[in-house]
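What follows is a pair of complexes built around chain A, which joins chain B in one and chain C in the other.
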Partner chain A sequence: MSAQGTAAPPRPEPPRPAAAARPRRRGPSSTQLVYLALGIILVVGAVLLAMRGGNLFSTGNLVDMLTRSSLLGFVAIGQTLVILCRSLDLSVGYVVALSSLVAATTMAGDPARIPLGIAAALAVAALVGLANGLVVTKLRVNAFIATLGTGLIIRGYLDTRYQGPAGEVPAAFQVFGYSRIGFVPVSTAVMLGVAVAGILLLRRTRLGYHMFAVGGDPEVARLSGIRTDRTMIIAHVLCSVAAGLAGLLLASRFGTGSALVYDSGYDLESIAAVVLGGTYLMGGSGGIAGTVAGVLILAVLDTVFNVLAIDPFFRDVLRGVIIIAAVALYARSQFAKRASRVRFPKAGPGDRAAGRAPTRAEQEQEVRQ
Partner chain B sequence: MGVNEVTEPGPGRGTAPTGGAAPSDPAGAGGSGQSRSSHRPQAPQTSEPAPLLRMTGIEKSFLGVRVLHGVGLDLRAGEVHALVGENGAGKSTLMKVLAGVHRPDAGRIELDGAPVRFEHPLQAQRAGVSTVFQEFNLLPERSVAENVFLGREPRRRGLVDGRRMTADTEALLGELGIERLDPGARVRNLSVAEQQVVEIVKAVSRDARIISMDEPTAALAGAEVELLYRLVRRLRERGVAVLYVSHRLKEIFELGDRITVLKDGRLVDTADVAASTPDELVRKMVGRPMSAFFPDRAAGAAPGPVRLRVEGGGNEQLDGIDLELRGGEIVGLAGLQGSGRTELAQALFGIGRFTRGRMWVDGRPVLPRSPRQAVRAGLALVSEDRKAEGLALNQPVLANARMVLDAVLPGSAGRRARRVPEILSSLELVARGLDQEVRFLSGGNQQKVVMAKWLATEPAVMVLDEPTRGVDVGARQALYTRVRELADAGVAVLLISSELSEVLGMADRILVLYDGRIAGELPAGAEEEAVMALATGRAARGAAR
Partner chain C sequence: MTVDQAPAGPPPGAPTPPAERPAAPPALRFLGGASGPVFVLLILIFAGIFTLNPSFAEPPSMMFFLRQAAPLIVLAIGQYLVIVSGEFDLSVGALVGAQVVIAAALIDGEEARTLPVLGVMLVFGLMVGLVNGLITTLLKVPSIITTLGTMLVLSGAIQLWTGGAPTGALSESFRVAGRFGIEDVPVLGQLPWALLILVAVALAALVLMRSSYGRTLVSVGDNETAAAFAGARVWLVRTGAFVLSALLATLAGVLIGGYAGVTAQVGDGLEFAAITAVVLGGVVLGGGRGTVVAAMAGALAVEGLFTLFNQLSLPSTIRPSVQGLIIIAAVAYAARQGSLPWQRTRPRAPRTVQPTRR
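Here is the complex of A and B:
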């Protein structure tokens, strides 16, 4: 008993009685499921393209997929953090537009002002996030309304102040948007770097642990000594900064700042990607690895449908179906735990080994039914 | 029943008990465990132990109603101190004052002789006072270790040291003699008993010197209770003072060192358990002896017609359920946790429905596929989890009491709805008014609202699943009387309870479940041992059939 520590490497030892009494009934995690789905979609897409004589994995198509995913990727990574905290951010689209404008107008075509432009754009984004976080925590306004409100305020500013594109991004900064290493665009590499940083944040820092706690049960978190408001505010700031990064990428691609990108639907699409990636909309469970897969799935679909030149309507239908199906599947895999308790499968006595008390999960399921 | 070493050799348990096979080795707890316990003061070895904590003259009012009148209590290191009293006696309030949830209006709290003030639960925790509430403070989606170290995750070079967290949790579990809990398991997959263990481990890991527990066995049964007993005794050996709130007298006498009795917010007495008897204790709590606790059975009255009949009912958790409930009788349903008690109630009510078998209500064949159909057929279910399943907590009393009528039986709502206030008053509901939100009522009064909700439907069959959980002694008696009246009025009652005394005291006959099947039937007045023999699978099936 004493040396059961998991710190020790696994020992191939004769039966530990506990092991039999404690069957690890872990099905695939939602992250594994979403990567499996990504694989299937890639294969199906590749086959469809091959039938038309195309190649999904040609450099052009790969670059297209990855470029698509980097922009949404930044936004969705940030969105994951707030959703994990049982909040959400509907202002991200406006933050993308605002930060692209701030960056472009600050840089004003001068390569020397690139760092200043980046700093200004991210600082403005962080301020919006701070405002969101403060309104959500201190004024106790529901995040849906709070971020919708800040988004509308930004929109009003953008609409009156910027009728068209503004500012100019120096060529040196456009490297961020257009250059690539092999078939990997720099922007995608940066996005993946941010994703890794985010995963590290969630899995290896107290802040990350506390985000799961705040999203899982704010009261439990508070009673455990976690500064819940602070955690939530930081999540909102990081979310907005991530959207600010997307704005920078946009500015470098367009060569200028654009107010109208807020209409591109990043807010809801990022939430869709997060949920597709297996994060609970109610917070407390999930992660960035899944979100990246969610983003990639959406990007692959876009590329495949583009190449096949199919009516965009079908693309949107399929996206909707996939998102709903994914969430339904996650809900089912929750339910699947119940199956392990089956004692009387059809008729007569079945497997009797499951003589154990109902788990909390099972009880919750019963409540839900 | 993952955590506990199973004590009954039931065929349904997959593995042999490991009880004495691996005596827990304190030295093996590892360096971290030892460093943790090194700064924990040990129990004083003197014959007259000084109190670790002393509360004196505690007063507390809510909205002008005084709940505590100058209550005093002291806790010694290494004692189990039982706190008893009816609901509304002020136990919870006193506990919450100690936990830092409520601030007392007057009075002193001294810890180690020095006055302290707890403005917030965290302050109490930091001072070494932890509380295990009935609603667990755990994150279901996180692992055991993550929950134990929540808010205090160990770090190495700035990053959370998950490995150490796991090892320390393992060591703590070992110290407490819990052998079958995986620190990496998700809390959502644990049983209630295991979750409670996690809560207690959490408290111990915070160097708690005082742990108060609010009805820790309310949701446990059988072997799980044994596990908790062992854990509490282990805590006592470690010099922890345990404040133990319970309605179950048996536990208090098995576990407690001293008993403090509260009544109507006043201290009645603090006495040594060794010098007390159950009868005396009940008298102190309610002012009447225990013998008058359960209402008389309908003396010799023949039971009425069959109102519910099930033949060969079964689903994933149940098999071969044959039963007949007659009007006018109370049938008790006993069984250990996990034996299928609640599943049977839910199957009858169309929740985890029967996939096999046939069922009749008043001779009409029905096999409810939803609670709605069950209600229409004349069934009522007072469910186990009052707060989650029985009540809309933020709605007023009347809306709750009319809920089923309005939702399911609108055609006849008029006549029946007019009776609702009458039913509520017949249950002696204590509330500020019918428009008061249910969440402000005490547990006993909430249960009365649930009862009223179902009585209003004028059911043929009433299934009561743990109707007295969290209900105090006095309110229980009223409830028992009402249930007997209900039966006398011709309703068939199925009473499910994990408290054997309740089943034995109330039921006209007793069905015992074991592993999803009816293991046997016993007449009223059966011995406790006979029930346990069936419930643990020791006796042959169908003993009295």
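Here is the complex of A and C:
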């Protein structure tokens, strides 16, 4: 139940020659494109490594690739849900750090306290998500600022409370971070399980459909009887819980909780992975399958660069170029759809999501103009 | 810095509204607009600083404060131009860092190279802005991704080039702009060059926002389709905003490099500080609303806030928390304007069927 058909008010095509010239045809979907890109990158990477006498598909490299993808995978899956609702979460990095600390300090090295630690970490993460969702919907703060703000608040708490690593994770829980079945690390298997659950949520449940509708056009969604606020809040909670899972994984790998992981750039990187996976940044279109491919692309790149011993800084450069290029490519294939949609209708996405009436100041501004 | 200088006319809320609402007393009208909170916040912050430390109000320490605040204000002006046109620029922090490192490496302590290197930096800034703008407008990549990409590319390239640690040194004449000023000015003591540059940039920004380009920029941010029908070349206008933002980041790099010296981390987090400042000024992310004066006031408020934290001798680690609370509160307030109890002087006229508004 996409709202796109009704979302665009009847209006002549804006004067964009490229859009007018291009007939509307059904190209490959963005998910197909991203898996195609993943395939190409795998082949190119394998060839490059083979020329150096390496093997990209050796067990060691596969484990490396999958291990890299699991951490970012959790965060990016959650981020997908939020972005689908035309929101954003910049606080995920801090939630990862916070939940890793909560888990490690709650477990305190006692195997009997593992369930308690997991529950505490996820509950704290969910609370942060709830706060994000409430601030975005009820206080009508733009999601960018709202989540940046909650991120900063958590950061202040972490910096003040924890100077270094804290807590201890019992060996039994470190299994989650280190053991593997064949060449698939347990953490990656769990991540893929979460991804499947997410795909089912989006494709099979009412809530999932509501998310697409809210992202497509909050106003139309509201008029169709969807409680847009509630959908948005749930998306934020799920996003934070997914980040909390990443924090648990981190704690089990490090053996302790670490506050400094928030500097690792999970926030922007997860957004990059989501967009790389073909989810439309303005909401309403995309999915988790694409996101997983986006995460895998980044992981394959990292592994290939690592094996080829390419300067880590050059990796950043290339990664930036690839992200821009990929999104430019999607933008082309989405061109016809995008041309008929308002980019920032009326006000910011946060405002819009609340489905509010234009404030007096806005009306005045209109009058003046 | 009065409200009346605002380029797009008086800020929303200040002019006589349509008959629906009787004119509120001036003090309350001041609170009404989206830009209102930032000026109130500014007054509160400075009242707090002055109470805690009366000597701060003396001209020399004010000059010192303004010199320190100048780079962020310059960045906020650039970020305002981009945000009001409906986009983001996340690359300014990395660009500031890159420019400082480039300057240090190319000048390498030799006075004679100062001017040519400044030229190189300007060209580099111009190119970064053009790349940001053209990728966003012509290739239709969302600006948050474009500028995130340039941020990665810039910081990676700089680290790659310098091998992780910046080399070289800035010349004395390069550092003049950020560090020194006109000495022995009556009353003020030292009048920093940074402040003079800031005033010049601020005046230029005011003139720009009143010019046809500035008005087109705001209208593009408000509704790009309408602006395109009205004859605006949307891509050109937006690209211009990105270029100006990059050039102002270059200027901020010169000021910060002169003031703080050379490290590769010098620009870290500046993009979020600048966005915070602009949003604190009541400028709506998504474009089309807010004034450049309010954005500058937002930057001043952010710097004032840090000074206040110093005066309160808060542990520096708690600062982000307070900063986060304040930006959320300020933006939430701006989003609620017109619906707070003291603003509702009369029951609102019933709004007719929002759904059919379009």
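Throughout what follows, the second predicted complex is superposed on the first by the 309 of 369 C-alpha atoms of A that agree within 3 Å, B and C clash if a C-alpha of one lies under 4 Å from a C-alpha of the other, contacts with A are read in each partner's own complex, and residues count from 1 in each chain.
Methods note: a contact is a pair of C-beta atoms (placed from the backbone, for glycine too) under 8 Å apart; a residue touches a chain by one contact, two chains touch by 3 or more.
Predicted model, so just to flag it, every value in this text is computed and none were measured.
Trainee: Applying the document's definition of touch, where does A:Ala309 land relative to chain B and chain C: first, second, both, or neither?
Mentor: In the superposed model, A:Ala309 contacts neither chain B nor chain C.
Trainee: Should A:Val275 be classified as contacting the first partner (chain B), the second (chain C), both, or neither?
Mentor: Touch partner of A:Val275: chain C, not chain B.
Trainee: Output check: A:Thr160 vs chain B and chain C. Expected answer is one of first, second, both, neither. What do you get?
Mentor: A:Thr160 sits against chain C, while chain B stays out of touch.
Trainee: Who does A:Ala112 touch here: chain B (first), chain C (second), both, or neither?
Mentor: neither
Trainee: Based on the superposed arrangement, let me know which partner A:Glu219 touches: chain B (first), chain C (second), both, or neither?
Mentor: A:Glu219 contacts both chain B and chain C.
Trainee: Output check: A:Gly320 vs chain B and chain C. Expected answer is one of first, second, both, neither. What do you get?
Mentor: Once the two structures are laid over each other on A, A:Gly320 reaches chain C alone.
Trainee: Now for A:Thr205: first (chain B), second (chain C), both, or neither, which partner does it touch?
Mentor: In the superposition, A:Thr205 touches chain B alone.
Trainee: Please indicate which partner A:Phe144 is in contact with in the superposed arrangement: first for chain B, second for chain C, both, or neither.
Mentor: So A:Phe144 only meets chain C here.
Trainee: Do any residues of chain A touch both chain B and chain C, and if so, which are they?
Mentor: Residues common to the chain A contacts of chain C and of chain B are 219, 223, 338, 342-344, 347-349, 357, 359-361, 363-364, 367, 369, listed in rising order.
Trainee: Where on chain A does chain C make contact in their complex?
Mentor: 9, 11, 14-16, 135, 139-142, 144-146, 148-157, 159-160, 219, 223, 268, 271-272, 275, 281-282, 311, 313-321, 323-324, 327-328, 331-332, 335, 338, 342-344, 346-351, 357, 359-365, 367-369
Trainee: Taking the complex as given, what residues does chain B use to touch chain A?
Mentor: Going through chain B, the ones touching chain A are 1-2, 10-16, 18, 21-22, 24-25, 27-30, 121-122, 125, 137-142, 146, 150-153, 155, 158-160, 162-164, 166-167, 170-171, 174, 179-180, 182-185, 187-193, 195, 224, 314-319, 337-338, 342, 346, 351-352, 356, 385, 388-389, 515-516.
Trainee: Inside the complex, what are the residues of chain A that reach chain B?
Mentor: On the chain A side, the touching residues are 1-7, 17-18, 20-22, 24-25, 200, 203-206, 208-210, 212-213, 216-217, 219-221, 223-226, 280, 284-285, 337-338, 341-345, 347-349, 352-353, 355-361, 363-364, 366-367, 369.
Trainee: Note which residues of chain C are touching chain A in the complex, please.
Mentor: So the residues of chain C touching chain A come out as 8-9, 12-13, 15, 17-18, 20-21, 32-34, 86, 90, 135, 139-142, 144-146, 148-153, 155-157, 159-160, 164, 219, 221-225, 228-229, 272, 275-276, 279, 284-289, 315, 317-325, 327-328, 331-332, 335-339, 351, 354-355, 358.
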